[in-house]
């Protein structure tokens, strides 16, 4: 009967996992950075700028990965009505939006020296931009309700609808791009990925994925904490209190202020 | 060394993208940790009040706040 | 002999527990009156009974068949009156009522509307558009709606809001007629609506004391130190 | 089916009585389109080049403008609750409401579109394709938009929110709608684009009523 009980399973499972994930994130990203910045060859065409790829491609991967994750959470929330699915989707959205924005920014920084322009209406960049809009729509919707749970549910439905739409958008943008884009412009997939580039790329992708899971666990905990706080506040503990309890409540205030001023 | 930082003349683009990525990722992590800490503090305080409050229904006028 | 019952119903609104462990049973001709403080969950229970809201636990059965299994059949047998009157300002009273009759597939719709308007004494308003109605007249239009078409179950949420004493008498008569024809009425009201020996369901008794409940269910204490455990040590 | 016709009839009657709605949408469409020559200059060949895109974007915005009203008023006065409880499947009722929305907003836009095409100096051989493309595209816009309109029920700032949710989902319709007209203007067959638009319409017709009905039920909880 109590939904508050279920999340504890999540906490028990993730508690021992968290330090390992955090460690893996640090190691993977550190070695990935070493290879990306020092020990990887230059692209014969792009020179040093190819190093931006080691951020751009993992960020793009994370943007898509997070959206797929949100859609899966949305489907689970629809089928099993498990509150944790809504919470996970909600916790994923800002991470996915950040990575999508990073993908666009690094793409732009890569494009300027290569194409001489900050923005190209390239099919991939444009699709990522639309993905960012989808993220922003989700975040706005989820936060637009007074009842957070209602917001999460509406968001899950939207994530699912958006996920069905993403392939259609991708297809139509590709089609639009081939129609309008002169073929002479260098495409993002221009440089063939050399095996020596694959290692840092794989390390960074794995590192970013681990980073996502670390952040996901933390954000889900945050959300669970906030739910518990709301439940506690709603319980009316502070309504009808005896002197003794009022005293306790005062000590609460005092404690809180002490903590806050640290 | 300076050759490494100049990155064949593209240093500002490359270091710029690495810096932005690092800032964004670290900021997201720190913001999450910070609000997690705050929520934990607030929750602990509320739980203390909850535990202090024995289940008894003493009717008293609500304290004006 | 129809049988409408619910067992062990728990309802959660947002993150707040409204009530827990509510059971009820009614047979043709019965009336149940819901009582309780503000926020005790009278409206929520009626919405759960209508199928608008799924209960967190427990189930509701009509003739021993869970209403969640066949929503359309349940919706065909029930008439629900909510807080709002759903009267469109630009449509006449008759046009307003016609939609609901059409959705229920009522035959002889115009006749049924006439009868319903007569019962609630608003026949003279049938061509008046909704925007000119007083709140009492709107409420009576909404009440006329539940008379249109066949139904076995009425769920009335504060049916007498905005009505004068005289109209309350009409509502009482409506309910009595409906019960004598084998209908089940479940209603909530603040003022005493004259209904013959209704079963009283006091939702205050099923309120879940949040403080105790939260203390019992603090499973996610692994998030931080558990004050209770610390105290025990 | 009776329920579908009943709700369609009522919504059309409401739109007629409340008037203004269709007129406003068309007026918005015309005014938005007229802004472009002020923005890009009145040279005939530039206008002719961008005409199809401008008309589609304006139509998109105009169709979106009226979305909020599809469910909002019914939600506020309790009608939506009763529709959810009526013994007709909610998907069918949603479809009826969307059809009414399209008849009162999409259809007037299709009629107004050639007029704006003339004013933007679009070549005559694109007109038929434009009308066909809009005939296929605007119902899809109404269907997709209805999901957004249902999702925002009970939210703060519903109007702005619905545009943020719905516009990204409109992009495929925009791409193929404008692409079809462009092809026709170049003298190429636009069949491929129109077929894809037909496919989009069929997919949305099959899928969106369920999503919308689900969102409406959620809002009733």
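All chains are identified by letter, namely A, B, C and D, in their written order; residue positions are counted from 1 within each chain.
The definition used in the following text is that a residue touches a chain if its C-beta (ideal position, glycine included) is under 8 Å from a C-beta of that chain, and two chains touch if they have at least 3 such contacts.
Since the model is a prediction, treat every value here as computed from it, not as a measurement.
Touch-path distance (fewest steps) from chain B to chain D is 2.
By C-beta pair count, the most extensively touching chains are A-B. Of all chains, the one whose CA centroid is most distant from that of chain A is C. Between the CA-based centres of chain A and chain C the separation comes to 43 Å, rounded to the whole angstrom.
Averaging C-alpha coordinates per chain places the centre of chain A 16 Å away from that of chain B. Put simply, the C-alpha centre of chain A and that of chain D have 32 angstrom between them. Taking each chain's centre as the mean of its C-alpha atoms, chain C lies 37 Å from chain D. Counting partner chains per residue, chain D shows two or more touched chains at residues 221.
Of all residues in chain B, those that touch two or more other chains are 40, 43, 47-48, 50, 53. Within chain C, contacts with two or more other chains are made by residues 211, 214, 223. On the side of chain A, the complex with chain D involves touching residues 78, 130, 133-134, 136-137, 140-141, 144-146, 150-151, 153-154, 157-158, 160-162, 164-165, 168-169, 171-173, 175-176, 179. Note for the complex: chain D touches chain C at residues 2-3, 5-7, 10, 13-14, 17-18, 77-79, 81-89, 93, 220-221.
Residues 147, 151-152, 154-158, 161, 164-165, 167-169, 171-172, 175-176, 179, 196, 200, 203, 207, 211, 214-215, 218-219, 221 of chain D are the ones that touch chain A when the two sit in their complex.
Interface of chain C with chain D (complex): residues 50-54, 72-73, 75-76, 78, 80, 82-88, 90-91, 95, 99-100, 102-105. By the touch criterion stated above, chain A contacts chain B in their complex at residues 37, 42, 47-49, 51-52, 55-56, 59, 94-95, 98, 101-102, 105-106, 109-110, 112-113, 211, 214-215, 218-219, 221-222, 225-226, 228-229, 232-233, 235, 237-242, 245-246, 248-249, 252, 255-256, 259-260.
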